[in-house]
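In the two complexes below, chain A is the common chain; its partner is chain B in one and chain C in the other.
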Partner chain A sequence: MSWLPVYPLIIPVMTAVLSYLFRNSPAGRWISVVGTVALLLASSMLMSEVLEEGVVVAQMSNWAAPFGITLAADLLGGVMVVITAITGLATVIYSLSEIPARLERLGFHALLQTLLFGVCGAFLTGDLFNLYVWFEVMLISSFGLLVLGGSREQLDGGIKYVTLNLVSTIMFLSGIALLYGVTGTLNMADLHLAVREVEDTGLLTTIAIMFLVAFGVKAALFPLFFWLPASYHTPPVAVSAIFAGLLTKVGVYALIRTFTLIFDQDVGYTHTIMLWMAVITMVTGVLGAAAMNDFRRILSFHIISQIGYMVLGLALYTPLGLMGAVFYLVHHIIVKANLFFVAGVAKRIAGSTDLSRIGGLYAHAPLLAFLFLIPAFSLAGFPPLSGFWAKYVVVKAALDLEMWVVAALSLAVGLLTIFSMTKIWGAAFWPDHPDGIKPRLSSLPIGDRVALMLPIVALAALTCIIGLFPEPFVQFAERAAQQLLDPTDYVTTVLGVRP
Partner chain B sequence: MQSLILTTATRLLVALLLVFSVYALLRGHNLPGGGFIGGLIGATAFILYTIATSVREAQAALRVDPANVAMLGVGVAGLAGLASGFVNEPFLTGQWLFLFAEDGGKGLPLSTVLMFDIGVYMAVFGGILTLVFALEQEI
Partner chain C sequence: MELLLAITIGVLVAASVYLMLDRNVLRFVFGLVLLSNAVNLLIFGSGRLTAGAPPLIDEGAYAPTGLVANALPQALVLTAIVIGFGLLAFALALVYRTYMTLGTVNTDEMRVAEPVADAKEAGQ
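For the complex of A and B:
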C-alpha cells in the first residue's frame, strides 16, 4: 500500500485551490509554478519506485480491489505522469509571460492545474468508471481554458470541442454500462480476468468497438477528429501547447490500456479496424496539414497524423509495435508542445501565426529558427532526433509483419510531414517580413524572453537527449511494452494476491 | 419584478432553508442527506433571495465570493483525505474521534468523513451560486 500514486493527484488539486484563492495577486502564478515543480518531483519519485519495485498500487479509503477505487502505476502510467509534469511545468513557465493578468484573475492557473489533475488521474486510475470521471475533469477544465477570455473565435471552437467530446463521453459511458452488465466489475485488473469468463464474445466485441469510438474521438482518430483542428488554434498559445501535448495522448493512452488489458479477445477483428483507422488518420492528418496556411493549424493537423503512428503501433499488437507506440507517445508530447511554444514566440515577435503575414525569423531571430528545427525535424523523423527512433520502431514492426502497404504509407506520411515543415520554414523563417518588421527576440523584455525561451530550450534539449542516447529509453519502452502484453504483474498487484 | 408575497415569504424561508441544509449535511452520514444535497439546499436559499431581491443584494448578504467558497471546499475535502496519512493509512481512509465517549456509547463522533462532506457542501454551494449569479447578472 503506497501513498506515492496519490501525490500526483493531490498536489495539483491543492495548487489549484491556492492559486485560485490568490488569483488577484502575483502570488497565484508563483504558487502554480511551485506546485508544478512539486508535481514533477512527486511523479519522479513514483517513477523511480515503479522502476525498482514494479507496479505501485494504492487503494483509496482502504477498500480492497475490486470494490474500491484503485490507483495503479505501471511503467506506462508512471512515465506518462512524469511527462505530464514536464509539459505542465513548461506550460506554466511559458504562461508567466504569455497569459495577461486579466486571464489570471479569471482563474487561468487554477484551470491549468485542474487539467493536470485530470490528466494525471486518467494515467493513474485502475478503474474504468473512475477513468470516465477523470475524462470529465479534463473536459470541463479544458473547456474552461479554451474559452477563457471569451472571444467569438474561441467560443466557436469551444462549442465544437465540447459537443463532440460529449458524444464520446456518452459512448464511453454506455460502453461502461454494458461492460458492467456483462462482467459485474469495472476494476481494470479484475476485468482482465472477468472478460475471459464471458460466453457472449460477440457482445464483448461490440463493447470494444464502442470504446474504440469513444477513445477515438478523444485521441482524434479518423473519422472522428474534426473537433481538433476547429479548436486548437484559438486559445492562448500556452493552452494550445498543453492541449496538443497531452489531451489527445490521454485518448491514445486509454486505447492502449483498454485494448491490451481488457479487449484482447478478438484481436483479429478489433485491431484490424484500428489498424486501418490509424493508417487513414496518418494520411488525412498530413494532407490536411499540407493544405493549411497557418502556423498553429498546420501543427494541429500534424497532431492527428502523428496520433496515427501511435495507434498503428498498438494495432500491430506485437511487442515491437507496442514499444514503438510507447516511445512515440513520450517523444510526441515533448516535440508537439515545443512546436506550439515556438509558434507562440513567432506570433509574439512577428505579429501573427498566419504564414502569409510573417517572415524574417531566420535572419533576425536565428536562435528561434534553430530551436524550431530541432522539434520540426524530430517530428518528421530525421536521425538522430527522437522522432527518428520512434518512427523507425513502428515502421520496423509493420515490416516484420510483412505489411508492406502500411509501412510504405507511414514512410510517405513522414515525407509529407517534412513538406509541411518546409512550408512553415519557407514562409515564416526564410523570406523577409511582408510588413518590413524585423522580428527580434531582443525586442522582448528580458523577463518575458526567459519565460518564453526556457521551456523551448529545455524541451529541445530533451528531444536531443532522447535522440542521441536512445538506448535507455528504448529499453524502457521495451519493458513497458512487455508489461502491457503480459499484465500478470499488474493484475496480481492490484488485486492484492501478491507472492 | 417585486412581489410582496415572495419578499415576505423569503425572509422566513431563507433562514429555514439554511438551517435545513445544515441538518441535511449532518444527517447524511447514516441516513439520506449529505454534503451534496445539503449544498444544493443551502444554495437554494440564496437563489430564492436573489429572485426576491437582486443579485447585488444576495451577493452582499453572502459577503464572500461564492467561487472562493467552492474552491475552499475542494481544499477542505482534499485535506480531509490527507488526514489519514498521519496514521499511515491509505488516502481518504476515514479517521474518527469519539468525544465524551463513555463505555459502550460513541459520544459525539467527529470524523474526517464529516470534514470531507463539509468540503463537498462548500464546493456545491459555491459552485451553484457562482453559476446562478453569473446567469442572473446577464439579464
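For the complex of A and C:
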C-alpha cells in the first residue's frame, strides 16, 4: 500500500478549508497558490512512482479490494492528475489578477480547490460508486464557480448547466445501480472480471449505453452537448479556462476508463455508436464555432469539436487510436486553457470578447498575438506543435482501419478550425480597434501583467516542448494505451492477486 | 415484491419525465427530485429484496449467521440521498435567484447568455 495516491486528494481539500478561513485577507489567495504548488509536487511524485513501479494502489483503512475504497493510479490516471495540477496552478496564478476581491470574499479559491479535489479524485478512484461521488464533488463546486457573482448571464447559463448535468448524473447513478444488480460488485478491477461471467450480454450492452449517455453529457458529445456553449462563456475567464481545460476531459477520461476496463464485451456495437457520435461531434462543434462571433463562444464550440477527436481515438479501439486519445487529452487541456487565458487578456486590454467590438491587438500587443498563435495553431494541428502529433496519430489510426470517410472528415474539421481561428485573428488582432483604443499590455499594472502572462507563457512553452520533442510523450501515450487495452497489471495490483 | 417495486420506479420515472419536459424550470427541478428518488429505489432493488434479518454481527463473531439483508445498497442509497439533497437544495436556490434576477422561470425566455439576435444572424 502506498500513500502517494492519497496526497493529491488531501492537499486540495486542506487548501480549500484554509483558503476559505482566510478568504477575507490576501493570505487566502496565497494559501491557494502554495497549495496548488504542493499539489503539483505530490502529483509529480505519484507520476514518477507510476512510471517506475507500474500501477500504484492505495486501499483505504486496509480494507482489501473489492470490499474497501480503492485509489489506483495507472499511467493515464497519473498523467491526468499531473495535468490537473498544472492547469490548476495556471488558473490560480491567473486569477490573482482576474478575480476581484469581492469574489474572493465569497470563497472563490475554496471552490476552485474543491474542484481540483473532485477532479483528482475522479482520476484516481478505482471504484465506480466513488467515481459518482467524485463527479458530484466536482459538479457542486463547478456550479458554485459558474454562478459566483450572480450576473444575469451567469444565472442564465448556470440554469442550463446545472439542470442538464444533474440529469446526466442521475443517469450515471442508475447505470451503476443496474451494473451492481447484474454483477454484484462496483470495484472497477473486480468488474473487469465480473462482466465476463455475465450470461445476459444484451443487458450489459444496455447498461453500457446508459454510461455512454451519462458520460457523453459530461464530455459534451453530440447530441448531448447543448449545455456547454450555453454556459462556458459566462463566468470569469479564469473559471472558463479551467472548465474548458478540465471538466469535459473528466467525462472523456471516464469514457476511456469504463469502455476499456468494463464494457469491452460488445465492442462492435458500443464503439460503433461512439464512433459516429464522435464524428458528428467534431463536425457540429466546428460548424458552431464558425457561426459564432464572440472570442470565448468560438472557443467553447471548439472544445466540443476537439472532444470528438479524443472519443474517436477511443472508438477506433486500436492501440494507435487509444494512444491518440491519450495524447490528445493531455495536449488539449493545455492548449484550450491557454486560449481562454489569451481571450481573457484580450478582454482586459481591449474591453470585450465580442469580436466586432475589439481590434488592434496585433499592432499594440504583439507579444499577446504571438502567444495566441501558438495554441491556436496547435489546436488546428499545425506542425511542429503538439496538436499536429495528436491529430496525426488519430487520423493514422483511422486510416489503418481503412475508414476513409472518418479520416477525411477529421482533416476537414482541422481546416474549419483554422477558418474560425482566422476569424478571431481577422477581427481581434489584425484591424484597428473600432473605438480607436490602443490595447497595450503596458496599460496593465506590472503585478497584473505578470499574473496574467505567466500562465500563458508557461502553457505555450509546454505546447512547444511537446511539439518539438514529441518522442517521450508519444512513447508514454503508447505505454498508457497498452495498459488500457490489457489491464491485467491494473486488475492484479488492485485485487492483490499476483499470477 | 420486485414487481411492485419495478412498477413504482416506472411510474416515478414517467411522472418525472413528464415534469422535466415542461418549460417551467421549477417543474423541471421537481421532476429531478422524483427521478433521483426513483433511482434510489432502483439501487435498493438491484441489491435484491430478501426477507432476511438485519445485517448485524453477534458479539465475538466475525460474520453474521443465517440469512441477512444486503447492507451495501442501503449504504449506497444513503450516500445518494445525501448528495441528491445537497444538489437539489442548490438547484432550488439557483432557480429562486434566477427568478429574482431574470424575472422568469420559462426556459424559452432565458436567452441572456445566448441572445436570440445571434441565432437569427447565424441562421441567415
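In the analysis below, the second predicted complex is superposed on the first by the 497 of 499 C-alpha atoms of A that agree within 3 Å, B and C clash if a C-alpha of one lies under 4 Å from a C-alpha of the other, contacts with A are read in each partner's own complex, and residues count from 1 in each chain.
In this section, a residue touches a chain if its C-beta (ideal position, glycine included) is under 8 Å from a C-beta of that chain, and two chains touch if they have at least 3 such contacts.
Keep in mind it's a predicted model, so treat the numbers as computed, not measured.
Student: Of the partners chain B and chain C, which touch A:V267 in the superposed model: first, second, both, neither?
Tutor: Touch status of A:V267: no partner.
Student: In the three-chain superposition, say which chain, chain B or chain C, touches more residues of chain A.
Tutor: C
Student: Which partner does A:L21 reach: the first (chain B), the second (chain C), both, or neither?
Tutor: Touch status of A:L21: first partner only.
Student: Just chain B (first), just chain C (second), both, or neither: which does A:V13 touch?
Tutor: The answer is first: A:V13 touches chain B but not chain C.
Student: Return first, second, both or neither, reflecting whether A:A412 touches chain B, chain C, both chains, or no partner chain.
Tutor: neither
Student: Quick one: classify A:W3 as touching chain B (first), chain C (second), both or neither.
Tutor: First partner only.
Student: For A:I159, using the defined touch cut-off, is the partner it touches chain B, chain C, both, or neither? Pick first, second, both or neither.
Tutor: In the superposed model, A:I159 contacts chain C only, not chain B.
Student: Report for A:L41: first if it touches chain B alone, second if chain C alone, otherwise both or neither.
Tutor: Neither: A:L41 stays clear of chain B and chain C.
Student: State whether A:A64 touches chain B only (first), chain C only (second), both chains, or neither.
Tutor: A:A64 sits against neither chain B nor chain C.
Student: What does chain A use to touch chain C in their complex?
Tutor: Touching chain C from chain A are residues 129, 133, 136, 139-140, 143, 147, 150, 152-160, 162-163, 166-167, 169-170, 173-174, 176-178, 180-181, 229-231, 233-234, 291-293.
Student: Under the touch definition given earlier, write down the residues of chain C that touch chain A in their complex.
Tutor: 20, 25, 28-29, 32, 35-36, 39, 42-43, 45-48, 73, 76, 79-80, 83, 86-87, 90-91, 94-95, 97-98, 101-102, 107, 110-114, 118, 121-122
Student: Where on chain A is chain B touching in the complex?
Tutor: 1, 3, 6, 10, 13-14, 16-18, 20-21, 58-62, 107, 110
Student: Enumerate the contact residues on chain B facing chain A in the complex.
Tutor: Touch residues, chain B against chain A: 67-68, 71-72, 74-75, 78, 81-82, 85, 89-94.
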